[in-house]
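The chains carry the letters A, B and C, assigned in the order they are written, with residues numbered from 1 in each.
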Amino acid sequence: MPIDIDIAYVARLARIDLSGEELARFGSQLGVILEHAAKVQDLPTGDVPPTAHPLSMVNSFRPDEVRPSLERSVVLDQAPASEDGYFRVPPALET
Amino acid sequence: MVEPPDLTIRAAAEALRAGTITSSGLLDAVLDQASRTEAELHSYLTIDREGATAAAEAADIAFSRGEDRGLLQGIPVAVKDNMVTNGVETTAGSQVLSGYVPPYDATAVARLRTAGAVIVGKANLDEFAMGSSTENSAYGPTRNPWNTDRVPGGSSGGAAASVAAGSALASLGSDTGGSIRQPASLCGVVGMKPTYGLVSRYGLIAFASSLDQIGPIARTVDDAVTVLEAIAGHDPLDATSYRGQLPEFRAGIGRGVDGMRVGVVRELSGEGIDADVLAAFEKTLERLRGAGAKVVDASLPSTSYALSCYYLIAPAECSANLARFDGVRYGNRVDGDTVEEMMGRTRRSGFGPEVTRRVLLGTYALSAGYYDAFYGQAQRVRTLVSRDFASAYEHVDVLVSPTSPTTAFELGARTQDPLSMYMSDVCTIPTNLSGDPSISVPVGLDGEGLPIGFQVMAPALGEPVLFQAAAEIERLSDFEPLRAAEAGA
Amino acid sequence: MSYEAVIGIETHVELRTRSKMFCGCSAEFGAEPNTHTCPVCLGLPGSLPVPNEQAIDWIIAIGLALNSTIAPRSVFHRKNYFYADMPKNYQISQFDIPVCSNGRLAVEVDGEQALIGVTRVHMEEDTGKSTHVGGDGRIQSADYTLLDFNRAGVPLVEIVSEPDLRSPAQARAYVQELREIVATLDVSDVKLEEGSMRFDANISLRPEGIEEFGVKVEIKNMNSFRSLERALSFEIDRQQRVLDQGGRVVLETRHWDEAAGVTHSMRSKEESSDYRYFTEPDLVPIEISDEWRERIRSELPELPAQRRARYVEMGVDPLTAATVVGGGLGEIFEVAVSTGGSARTVSNWLVGEVTAYLRRESTSIGETPLTGEGLAELAHLVESGDLSGSAAKPVLEGVLSGEGSPREVAVARDLLVMKDTGALEAVVDEILAGHPDEATRLREGDMKVLGYLMGMVMRATGGKADPKLANEMLRDRA
């Protein structure tokens, strides 16, 4: 059974403005994919620990040393909009 | 006389030092080949003529001065367009990065440059490395040089096709679920995914951080090792980069397989595999037996769940990795009255359908109330997969399977059914989950003349035994690589 | 109905590392916008974080100073949400295994001590800064927003208290003590005005005697200790009124308006964000060995509470000790005492005349020529009777202003006590002769007139008479 998802909520969380038609289409596609992905639930895992990293490395740090930053002109060169050395965006609705 | 585009790195390196060819000459031949084939194949998104010419000239000057930085000096290579190149457009195959010019090089790219390699251009890929056919590229698909009605595989389709077609002598691809090995298999070249952590991910546009690895695509196993030697090793800019002593990659090459214990992964070598692929697989096993290998059956039960596991972990990580594409600091912005609107519209117009699907899927799998059942459970299943591999390696030296269940399928054949596309990766995904190294070696052609790949897997940091087996398989096979003249016909 | 306030505070402290948490950009405050940025802290495609080892040392120090348990194994998590000042649209933070947990801090208000629990101390990264342009500068009416990512990626330590605070005054004492501890550790500038220390509060009311928590309101935008106290007081009143009227407190975030002295509703906390925490795959776990932890512990400086207790044992009263320590005057105090000055005397001068002077001149102790040895010398002058207690104040001022050593200033200003008994006798005789009625009364045993006559003697000698001697002489010679 394809899984039923609140696709509108998920799209909001993912910040993708989908149309109603797109929401419906993706929602049903996802339902089918998830049904197959949910197969993982069939495997008993008991107290098996989750893998967060394939390596067993720990304590990978860097010393507290300052390195050259990018030139601001380079930084803002790729900016879709900038002003006086700042990136510029439309105002926020939420805080 | 071998046409320059058909040269292996080693042969080209010899010719360069013998003076029978120059780097500039080699580059010209490769660029000519690209001109001839690109209209049909579309392996490249960007060809950096200027940069490549300068690098070739520098290599020639170095040779003339007696400076020799190694086999890669003066060798033309392609780089998959999800690795950033300083000053050269990098799109990740997506509209959202159309026109984006990075201000830095990926570490793997920088190391190639240090080795004197000539970077020809950026190879086409499935958008953000998500796909198995390169049909998800926002800039049009790449076609298979063996048969242009067919896909080259993916997501490193352009990287594999360029090497097969002779418009590069080697390339860098990336592999998250099989994206180096599967296209290598479909294009009849060698493709290898190193042990996780062996090659720095700094500068690789992240898809799934705990699965992604950069690796070489080349004509021969020997060439693949040459590229790996140049790019592998600790990078202080990647906290997940392996810090220990590197294994001697070439230690086993040429030693053969006499006495080697070869385990056939039962779950990946029977059901669902095409008849021709299975036949070529069995034939290779016979040859291995003939060469003294002990071929045994190996069962890794949890690999049956590997696909499901992958399709929860990879989308979950990618949903966070792609959150940065919001039109604020770089990329293609679509405006809005509010910043929320701007971000939402930018992402909607910038991401293709497969990427959108995976971002949504990943967001869902991590969301409150669903985390444990989906992402949490997948990470536990992943541990079981790793344990299965570890147990198997107590009894065998390497594990084997076909690389891909099928040979190259037709363009459009699987685009309507995402699940059918995902099945292309069923043999390759398990080693991404475990972090172990694996390689695809071309071993034959099917009834329609399409290449078949054979996959070898080894324990973590087991590159020496991996290459040892792969080199022997290559030596024993009668596979003939594509000639430049035939490419794209 | 009588209510009890239940308050918890969430504090953020920026560490004063040279470089940022996950990249080598300078973490220095105040640079031109977007001049301390790189692929990592800008969230450019392909970039990766690598943790600053110094920051880990320092968060362990903070945890130990707060009596916390240090996790032997700790991991980073991604906290996912979209916001323009967040380059990756996720923040690298910590979720279920923070570096430090189960700490506590003693806080004193009006002589009463309370032990405040510190739930957790964890490591994260700061965001960029937004400037809202147009409208009245507030976010709701802005035309557009400008972004500076210099601050993005600066190491941030989050300290979460248990809801153990019971009054605005106690909450204020808590953050002040926290600030003092962090300043003593020298791991942060803790300048509220620069944002290197920030706090939010959570407050709810419950009927007295009831254990169940009431509905909690989050308060943001308190930029000083005073505004914290004011905001909490306001909230208590507001919530009390709501409850008294039979209403229900709404679970929400409120914004403190310093100018108006009120909190405004910001957003309903009902739709609390789904941060989708998962272990950060680009970072490996932190394992803190016993050796590492104990090395940090052995390097901890004496903490404010320990120092205050030590001064009290020296004979200083607790409030004075707190002011000496809190005012950064501990070092000069200790030098003075070790050079022979009386702890009580010196500490009183420090919290009195010295502090007043520093405030008046808007300067700090290090910028004045006053030394611990100088204070000891001054104390000795008074003890030996060469200077009267009241003359010490102008001498101290003179030393602070750079007029010289205490003895030099006393001599220059002619404040040394008159040692010539003959001359004093002469003055006493003169006063007695000039005030025959008072002299008679004194002779007959009227002690009240002694004070008046003493005043005369002091005036005649310009304050330099030895009061004890003058007192004796007046009584003898009356």
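FYI, contacts are C-beta pairs under 8 Å (C-beta built on N, C-alpha and C of every residue); 3 or more make two chains touch, one makes a residue touch a chain.
Nothing here was measured: the structure is a model prediction, and the numbers come from that model.
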Q: Please work out which of B-C and A-B is bridged by more C-beta pairs in contact, and write that pair.
A: A-B
**Q.** Core chain by centroid distance, with centroids computed from Cα atoms only
**A.** A
Q) Using the average of all C-alpha atoms in each chain as its centre, how far is it in Å between chain A and chain C? A) 41
Q: State, to the nearest whole Å, the distance from the C-alpha centre of chain B to the C-alpha centre of chain C.
A: 58
Q | Rounded Å distance between chain A and chain B, as computed from the means of their C-alpha atoms | A | 23
Q: List, in ascending order, every residue of chain B touching at least 2 other chains.
A: 100, 103, 210, 236, 239-240, 319, 323, 326, 328-330, 339-340, 343, 363, 367
Q. What positions in chain A touch 2 or more of the other chains?
A. 13, 15, 52-53, 55, 57, 60-62, 70, 75, 87, 89-92, 94
Q: Any chance you could list the residues of chain C touching two or more other chains?
A: 39, 42, 50-51, 82, 84, 89, 145, 147, 149, 274, 276, 281, 283-284
Q: Would you pull the chain C residues touching chain A in the complex into a rising list?
A: 17-19, 23-26, 32-39, 42, 50-56, 73, 75, 82-84, 89, 130-132, 134, 139, 142-149, 266-267, 274, 276, 279, 281, 283-287
Q) Tell me, which parts of chain A touch chain C in their complex? A) 13, 15, 52-53, 55, 57-70, 72, 75-76, 83-92, 94-95
Q: Could you pull out which chain C residues touch chain B in their complex?
A: 39, 42-51, 78, 80, 82, 84, 87-90, 145, 147, 149, 274, 276, 278, 281-284
Q) Given the complex with chain A, which residues does chain B contribute to the contact? A) 100-101, 103, 196-197, 210, 236, 239-243, 302, 305, 307-309, 311-312, 319, 323, 326-333, 335-345, 347-348, 351, 353, 356-357, 359-361, 363-365, 367, 373-374, 376-384, 386, 418-419, 433-435, 460
Q. Which chain B residues qualify as touching chain C in the complex?
A. 83-84, 90, 92, 97, 100, 102-104, 106, 201-206, 208-210, 236-240, 316-317, 319-320, 323-326, 328-330, 339-340, 343, 363, 366-368, 371, 375
